Amino acid sequence: MIIEEEIQQKLIKNYNFLEEKIRIPRARRIYFEFPADKFEGLLEFLMKEILCNMLCTMTGLDAGDTIEVIYHFARKDGIIVNVKISVPKDNPKIKTISNYFPSAEYYEREVIDLLGAEVEGLPEGSRYPLPDGWPDGQYPLRKDWKSDVLEKENK
Amino acid sequence: MIKPGKMLRQVISSAFKKPATTRYPFVKFDMPEFFRGKIKFIPEKCIGCNLCMRDCPSNAINIVKVGDKKFKAEFRLDKCIYCSQCVDSCLKKALETTNEFELAQLDSKNLNIVFHGKPEEDIKTET
Amino acid sequence: MDRVIIPIGPQHPALKEPESFRVTLEGEKIVDVSLRLGYNHRGIEKACESRTFMQNIYLIERVCGICSHSHSTCYIQAVEDLAGTEVPKRALYIRTLVGELERVHSHLLWLGVAGHEIGFDTLFMYSWRDREIVMDLLAKLTGNRVNYGINTIGGVRRDISKEESEEILKAVDILEERTKYYIEVATQEVTLINRLSNVGKLSRADVELLGAVGPVARASGVDMDTRRDDPYAAYSEVSFKVITADNEDVYGRTLVRVGELMESYSIIRQVLKNMPDGPITVRVPRKIPAGEAISRYEAPRGEDVHFVKSNGSDTPERVKLRAPTLANIKAVLKMLKNYNLADLPIIIAAIDPCFSCTDRTISIKKLDTGSTEIVDWKSLREYSIEWYKKRGIRF
Amino acid sequence: MVNSLVYILIFPGFLFLGIAGMFFEYIDRKLYAKFQNRVGPPWFQPFADFVKLLAKENIIPEKAERKMFQVLPFFAMAAIVTSFMYVPVWGTHALFSFNGDVIVVLYLLSIPTLTFFLAGYSSQSLFSMIGAVRTLTQFFAYEVPLFLTILSAALLAGTWSLSEMSVFYNQHHWLWLANLLGFGISIIALLGKLEKVPFDIPEAETEVVGGTFTEYSGKLLAFFRMTIDIEVVVCSALLAAVFLPFGMNLHPAIGFVLFILKVLSVVVLLSLMRSVFARLRIDQMVNFCWKYIAPLSFLQLIINIILRGTIK
């Protein structure tokens, strides 16, 4: 747990509002929340100082009034840094990180399609994973979304 | 060492061997004893706790009470995914897996199997 | 020279699953590729939200047919993390054993597919024949050839007897001999080497930039393996080498995979030798405490990542899975450029793609809105019967 | 008139060649399966495939040139059947022969390849087009060595007629051994001609779906497949007549059995070759043919010129 604590110290040193907010539930797992508007700065800090040079994946979550996006960054030695940002549901705008991690493109498209987030700066491309004829405004992973099939079966 | 036709020797020798293919429909295939195949229900042991119904990932089981401590089980084999979680969940071991795996049917109605607790007359007199 | 765009997929013999590559060709040379994923979206992540933690094991196992143990173990590790379960040692060893057997079967499968993609059908038939040994073994151990269903929250469902472990050791001996033969073939057969080497180059820098994982990364000299970096199950107690190669091409990926097969045999032997006695499962309450957990697993194809969020009830709030293929897909697009059309199948196959892991969506049967008409299975069948009737063919 | 009809329809025309083609296809598939430790198809499988395809609907793409598309399979078949008339079967003499028929046979044999190209081209589908271009590219690579080796055998015999070549080689018993190198080369070239692994590049299914035949279905495909089957017999018979010319002037029945055995040995060689190699890329194939096979066939030519000089 020594390296994890070092990372914690480094993060708190740079962003003192994170004090007491970083959770390390078990070895090699670090979780914290972060304000969305400062995220880009943190990203560079994570890449340069903490050597998180791999993006495991991105998770989109519907948390009631907000949409949460969790970025899972991995280090070479197996430590995962999970950064959660939240944006309001009525204006779900996040900035793309595909200029830092090209592999983020598909994860971001997933968040767009399934949760209705807007990703600024993402290059044009085909949608993923929903079909082209999918109606606008239907976001399957939002909690209030129900497919017709599921409704029928429940009756 | 690079050479063409490395597999030549084995290719020729396998021409004189017995083929590895099992001639399946003509030769019966023995599934291992604990293969997770069709589910068997033993009505005498069932206490109607409905744990299996709750744990089934695909809603394939329906246990109906047909009389005092008597239960009828309906299995939808077309819905079943053969995970046999119900067998694990059952506290009284009223469910068992069999290694029967040839379950294809031409009519989907035949995939609905029902295990009665007692012969039909018994149930009628009781209810 | 004129450029032509040819569609590889959604239906194409080179792809075992529907996925669409649009390839721009200049003669036989590939100059550009664009990709459309999502044909296999089955909505598993959404479906997970309406099932209990227990039921989800079987759902997630069915994300993919080949790496079913990988996905279910990865998910269960996250759930056990949340519940704070101390899984019995013996259960961890059994998980490792099944995981390695699965890796053997997946890599042998890959070897066969790779052989088929370059028109080497004999290799395909031989390696799939040998794969049957592992498949039968898995059926005997777990009760099914593909969806093993060995995992349960808090342990495993079936124990391994003495006779079974002897049987495994015997089978491993046979497989080891066969794998040595395949290594010989891979390093000596001239047509195979000609087709595989210097194809689909991906430099080390590109691997790190594009986030490729698994054998693809290791074949470019990147030394990463979740089994060693983030040990789970019993991997911290067995010794094994992480196989890497510096070829940076499809040939390197082949060598890494057959090398990993040999490592898997050694891991299986160690696991069977050191397997401790004891219980195989502990009871875990149905309701999992609220929280978030992320879990990683080195699937045969690369790193598998699962994220589980619980809200304290018996159903998860969110389950997110990332299969290795999605991480590798950017690298494929990069690898394909400037190679021959003939190399396309093997380059795509070299990442061992599993598109059904990659996509996971909703079965829409009827939605009246939208531009396309979505027809359900029954009316589609009626339509086709009608169509044939008009042409005088009756069923 | 009746004679010609019998020649064309029954022997050695469509019927005989069709049956022989199916028989050798069965042998090839069964052997290929045996080499791969499989069971393989039953004996009637090629015939069943043919009948099944005949019963299927013919689908012609809207964009395709309808006439060309429909005529080509029969055209290819006619060419290949005609060429067989000049190949000696049991005796030293073929049904028809004249001085120069070697060249006619070789050209008639290249017509099916050209029809495959045209078939791909007139289907107007992308995969067919790529397959068609590949067929043609490959054609230029293997055809020269094939021609050279057969012509060098003819050179040694000092005649341009296949029948007279047989007569010559039967008089000079051991001279056919001089052509063994040429036999090897022509087997490799034949793999290219018959589009079999490692040279099945034009119809590599994992790359270009069905190659030239992507758009073909039903009866038309059945006839194309029949053509390929017959091509195997005719090409093997040609190689057997040129490179394995012994025992030609025995009793016709023995000669016929010998002919079948010779063709069989060529077919066995072909299926053995295709089970131990991976498919090459088109550039590798052209390279291989021009770098190794073509010079070797020139060597055979030079050897035969020298031999011819010493015999006289």
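Lettered A, B, C and D in written order, each chain numbered from 1.
One rule holds for everything that comes next: a contact is a pair of C-beta atoms (placed from the backbone, for glycine too) under 8 Å apart; a residue touches a chain by one contact, two chains touch by 3 or more.
A quick note: this is a predicted structure, and the numbers were derived from the prediction, not measured.
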Two chains sharing the most C-beta contacts:
A-C
Could you tell me the distance, in whole angstrom, between the mean C-alpha positions of chain B and chain C?
26
Calculate how many whole Å lie between the centre of chain B and the centre of chain D, each centre taken as the average of the chain's C-alpha atoms.
53
Between chain A and chain C, what's the gap in Å when you average each chain's C-alpha atoms?
24
So what's the Cα centroid distance for chain C and chain D, whole Å?
43
Two or more partner chains touched - positions in chain D
35-38, 275-277
Name the residues of chain B that each touch 2 or more other chains.
4-7, 11, 20
For each chain, which other chains does it touch, given as pairs?
A-C, B-C, B-D, C-D
Of all residues in chain C, those that touch chain D in their complex:
4, 6-7, 12-14, 25, 28, 115-123, 125-126, 129, 189, 191-192, 194-195, 340-345
Complex contact set, residues of chain A against chain C
25-26, 28-29, 31, 53-57, 59-62, 70, 72, 74, 76-78, 80, 82, 101-103, 105-107, 114, 125-135, 140-141, 147-150
Residue numbers on chain B that touch chain C, as the complex places them
1-7, 10-11, 20, 31-32, 34-36, 54-57, 81-85, 88, 97
Residue ranges of chain B in contact with chain D within the complex:
4-8, 11-12, 14-15, 17, 19-21, 23
Looking at the complex, which residues from chain C come into contact with chain B?
51-52, 54-56, 58-59, 61-62, 122-123, 126, 129, 132, 136, 139-140, 143-144, 147, 149, 152, 157-158, 181, 184-185, 188-191, 193
